[in-house]
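This is the structure, below, for whatever I ask next.
For reference, chains read A, B, C, D and E in written order, and residue numbers begin at 1 within each chain.
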Amino acid sequence: MRSHPLAMRALSLIAVLCALGLWWAAAANEWVSALFVPSPQQVWAAFLDIAREGYKGSPLAVHVGESLYRLGSAFLLALVTALPLGLLSGRIAWIRAITEPFIEFYRPLPPLAYYTLLVLWLGIDNGSKIALLYLAAFAPLYLAVVSGVSRVSKDRIHAAQSLGSGRWKVFVYVMLPSCLPEIFTGIRTSLGIAYTTLVAAEMVAAVSGVGWMVLDASKFLRSDIIFVGIILMGLIAVAIDGGIRWLERRIVPWSGKE
Amino acid sequence: MRSHPLAMRALSLIAVLCALGLWWAAAANEWVSALFVPSPQQVWAAFLDIAREGYKGSPLAVHVGESLYRLGSAFLLALVTALPLGLLSGRIAWIRAITEPFIEFYRPLPPLAYYTLLVLWLGIDNGSKIALLYLAAFAPLYLAVVSGVSRVSKDRIHAAQSLGSGRWKVFVYVMLPSCLPEIFTGIRTSLGIAYTTLVAAEMVAAVSGVGWMVLDASKFLRSDIIFVGIILMGLIAVAIDGGIRWLERRIVPWSGKE
Amino acid sequence: MAQATERQAGAEPLAPKAGLAEGERRAAEQNAAIRLQGVRLTYANGKTDAVALGGVDLSIAGEQFVCVLGPSGCGKTSLLRVIAGYERVTEGEVTVFGRKHTAPHPEVGIVFQQANLFPWLTVRGNVEFGLKMAGLPKADRRALAMDHIGRVGLAAYASLLPHQLSGGMKQRTAIARTLATEPRIVLMDEPFAALDAITRETLQDQLRTIWSQTGKTIFFITHDVDEALLLSTRLLVMQGSPGRIVADLDNPLHAAGGSFALLRQHKQYAELRRQLVEMLKS
Amino acid sequence: MAQATERQAGAEPLAPKAGLAEGERRAAEQNAAIRLQGVRLTYANGKTDAVALGGVDLSIAGEQFVCVLGPSGCGKTSLLRVIAGYERVTEGEVTVFGRKHTAPHPEVGIVFQQANLFPWLTVRGNVEFGLKMAGLPKADRRALAMDHIGRVGLAAYASLLPHQLSGGMKQRTAIARTLATEPRIVLMDEPFAALDAITRETLQDQLRTIWSQTGKTIFFITHDVDEALLLSTRLLVMQGSPGRIVADLDNPLHAAGGSFALLRQHKQYAELRRQLVEMLKS
Amino acid sequence: ACGAKTPEPAKTAGAPAATTQPSGASGTGGGAKEELPKEVRIGFQVIPNAELLTKALGLAEKKFPNTTIKWVQFDSGRDVNTAIASGSIDLGLAGSVPVATGLANKLPYQVYYLHDIIGDNEALAVRKSSGVQSVKDLKGKKVAVPFGSTTHFSLLSALKNEGVDPAGVTVLDMQPNDILAAWQRKDIDGAFVWQPTLAKLVALDGQIVTTAKKLSEKGIVTADVGIVRKAFADQYPAFLKQYVTVLDDAVKQYRSKPADAAKALAPILSTTEADSLSQMNELVWLLSSEQRDAKYLGAPGKIGDFAKVLKETGDFLVTQKSIPAAPDLAAFQSGVRPDAVQP
């Protein structure tokens, strides 16, 4: 806890550089087949190529943009539904009794198992893709909110009621801020999961998106492009996650100090 | 909060029965193509058939058992690694600085994007399948533990130190129990995610497992079997989750009452 | 309901708000501010249940300042929580202003034994909270909040978050938060326990002033016998296992003057104090 | 470091452990139990930093019973936390038994202003905690824990979890937890504030006995001037903004007898009390 | 964008029948008015055949200036089945195995064209060191194949053809990538798989035992098949017919200028021109005139043998317990619509 943020940054950087070095060495010495693990140089070249020329008809920015658009819409949708529903479920027993069986039931279902149904109902456009990502993002967020709500001290709610908060105001002014730390953890998990579903979502009838790019490249054994895609996805995810953590520090400065 | 557990159970049951009724009506009136949404009767018949005859060479129990074995091993592995690493990372800045970039990076990667590498390293047997599930389960658990640790009040740790806890004892006797509520949320999320990865994991070189069964059936438009598989997976998951929640109530009775 | 209530005749009323005579009290009970009838409260503590309140009958008229004394763990806080509507009674009934009372209500303000502030709000935010709930416009509520914050001596700390406050400062914020909304009934659970003598005296003074000016009903738990004698118009003494009221008496010293020095000079002081301490011991 | 330390000559030592003479004290400082030199502590409170301690020099010999008085928010808790090793000083140095002290240590026990129990452990579990850390065998630690639990009057509640306790019971558990491990230095932050007069007196008695029998160093924050006069061998008075020690005096009343009644009869009582209250006011 | 029910003609994706327009082309469709849809959605797969070339060269867009052509890429016949059933696409391309599955399940579509007959691009490769020389030697070996694909059918049919008990062979379900990874680890002895994975296997100490082409000579035919939503075909017979002429044009271009065709397809196949050409050459591209042959689609009223191929595939799937039952030949025959390939 008593740490020097800068030194820690440096340490992280060193660790990453070490990993890169290891990769380079592995590729140079053919520790793993070049078919599956291209060298960093190859990957860099592939990246430059894609950045300049695009991949199969769309510029790289379009691929990234499409993926982020799908992810973003799905996540926003999840946020505006899971948050209120989670708060309500956490507090009002009958709402929880009705919703939870369904969420508990669909939550562990593999997207691959029900994607077909989504395509059937929503067609092959962005609708079914966003729905798949939405379903992936919804459950963990909902779960986190419910668990956050159930951990809010009852006396805090009592206090708010004594100060004149009605049912709805308790939600907005007490439950929501009280659960913010859990909500942030939920958001991070949920975005992470939606992200891992991206390739699956872009598996059907897509010709754009980073996930599709990785999938398409893998069909043609273009491991350099697969790596570009993976690294790109990883970096974008780390950036998003960093942003959320920054937000968390700004919004929930009291976390752990109550 | 002031609810009647039994009444709520009943409500949940009614909700589920309503959903079943809706399904039956949808199938009976052909609101959706029977090809994709079979009637409850068809699904029941398919279930009986599989239960009696097995699916493609293995009895149903073997499919379920195989899946649970893979899931269970992966999850246990995740538990014994993510828990200590999460506790350590939450408390010791340099460990976190080294591990987190990698976890943050791989966490959002779609399993489908790196499964081939796992096959390359671990072969086509259960090894690579368990590894895939393990990776899926590890990250959310780790994340939950770290976030739990960072929310433990510093004065609680101080108190333990003043009472003579050294570094390790603080972990075992203070951090661990303090984070238990978060750990339970993490366990539930993590199991859920591992579960959703099951179909992906059983995509390679499997001829058994519920996930594989669903996948295989989907290739041949056997929606009745897909539904049997999905419902089975859902029910098993709900049962597991229920068990974990029961454990949580027993182990963390003070949650929300601090 | 074996309740050893011991009633002592109050001293002559020396000030308008001083202890009511027996007859007046009965009249007041008809439309009491707070009324408990046969209240039992048990907590499920593993195998054996803890009987925190074992059949309490209590009626508090408006404009009374009730102080509750009793050994640690005897059920004082439990009684207060029942009155606040925080605990559902196992048996019996609670009415507030004649209405059945089962949930927290803004007419019944409460100051906790431990401050219980909203950790994401500053001192001002916490004090403004109830005003915001009441729908006060922003400017008004800011002014009112700052006024109350000033009274508890925290004007310079209005923009700090609770975790940046000392123990006593938290408690003072909680007091300001509750008083700012002007509830008709104020329940206070050892509100001044965390305060130094000087701050304490200031706040005691203020509380007395507020009470005498606004005619609130105040239910005040304390373990300081002098404080109870100084502030209250009526004294309750509790004993535990099961929690019950063992003495209920008018405070003849109430109008003694408003300072500890004057209090101690009162002719009944020493005797009353001795009696109370005796009761607490048993 | 403008520190208005005011020293008064102590009364004649009436009991072996009573206030040390000036000369002896200097000798003791050479290997003091606790020693602070130029300690400053600032919290980053948004824009302006709060100077909780503005250059404190303090040296406490072994076997002293130091009571700290001061208005709410003046920095008492901050000082205690620095001594406990919970806060890193911004400037200056803390040594304990001659060793540099920057982290919590089992030789320095602490009782918090708010009980801070482990919520997953029962009363007994909490009290056993330190004994378990010290590696005591199960049977011994159980016996020892039950002994300490009995002393704070909680024998009947040993198997309850903290959330099932009343405020005072929590605080008593915390006291038992700390004393059970027999630290050489005990830091206590208003430990008896949540207790009724009777329980309080019992515990005051016990603390005195423990102190006189074991020769611990006790650093005790209180806002009760009488309590301070009753218990301490040495009195510190603090003032805030920035937090500093404004008076440091031997307590001539320490050996007065051990009860408030005897205390109040002491010839120096009234004058000393008046002086202290005066200092607290300024 | 689509209803959940089996689509009706009026619900054609994005193209209400009312807004159709007359076309100048003449046809034998039999209707008084010949209409072209405003929009057509074509589901394609990245297989080096005439349809991919059509797309690459923009031939369909040139032919139908007033019709919006939407190309939708799919990776498996399973998804094409789903998409066509949901009414999301009008035309699609899938392997004969998924198509047999679809027809057995009464999906409302028909085969209107054979995009290619699978030839040397799908083959059974074995590790040289495994000692396998023929299909018979597979006994006791591990062979990987993507279940539900054309090669799955080819492999199991080959085993049956050679009288090898499939129970004596360990057949593993794997995607091509993973087959390559497992091959590297020597986890498997052989695999029946397509390009470009096939070439990699051969390069890594592999040899070909048999190919889809050789099997097709023994009557085990697999093909990539053009399918059309029945309702769409009924409403726009003229479009279908004209689209077939476009496909024919592509076949002709490939036959006359293979190098140009290879050049056009190379980027889509993520490979070099030379490799693209050799991949094209491994498939058998057929003109509509050739598909009229009784061996293939035949003529209306005299459906060709391809219906039998589908029926056999369906029966095979039944033996695999992949589908509960296959309908009779007549049902498969009505699943073939040779109208569009007629002159």
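List of remarks:
The rule is simple: a residue touches a chain if its C-beta (ideal position, glycine included) is under 8 Å from a C-beta of that chain, and two chains touch if they have at least 3 such contacts.
Since the model is a prediction, treat every value here as computed from it, not as a measurement.
Common neighbours of chain D and chain E, listed by label, are B. Two chain pairs, A-C and B-E, are weighed by contacting C-beta pairs, with B-E ahead. Between chain B and chain C, the centres computed from C-alpha atoms are 50 Å apart.
Remark: chain A and chain E have CA centroids separated by 37 Å (rounded to whole angstrom). Between the CA-based centres of chain C and chain E the separation comes to 84 Å, rounded to the whole angstrom. Of all residues in chain A, those that touch two or more other chains are 33, 36, 116, 120-121, 154, 203, 215, 218, 257-258. Counting partner chains per residue, chain E shows two or more touched chains at residues 4, 78, 82, 85, 177, 180-181, 184.
Here, these are the chain pairs in contact: A-B, A-C, A-E, B-D, B-E, C-D. Those residues of chain E that touch chain A in the shared complex are 1-2, 4, 13, 43, 46, 71-75, 78-79, 82-83, 85-89, 176-177, 180-181, 184, 196-197, 200, 267-271.
Partner chain A is touched in their complex by these residues of chain B: 1, 3, 8-9, 11-12, 15-16, 19, 32-33, 36-37, 91, 93-94, 96-98, 100-102, 104-114, 116-117, 120-121, 136, 139-140, 143-144, 147, 150-154, 181-182, 185, 188-189, 191-193, 195-200, 203, 211, 214-215, 218, 226, 229-230, 233-235, 237-238, 241, 255-258.
Across the complex, chain C is touched by residues 154-156, 158-166, 169, 173-174, 177-178, 180, 252-254, 257-258 of chain A. Those residues of chain C whose C-beta lies close enough to touch chain A in the complex are 84-86, 103-106, 108-110, 112, 116, 118-120, 129-130, 132-134, 161-163, 177-178, 181, 183. Those residues of chain E whose C-beta lies close enough to touch chain B in the complex are 4-6, 78, 81-82, 85, 98, 101-102, 105-107, 144, 147-148, 171-175, 177-178, 180-182, 184-185, 187-188, 317, 320-324.
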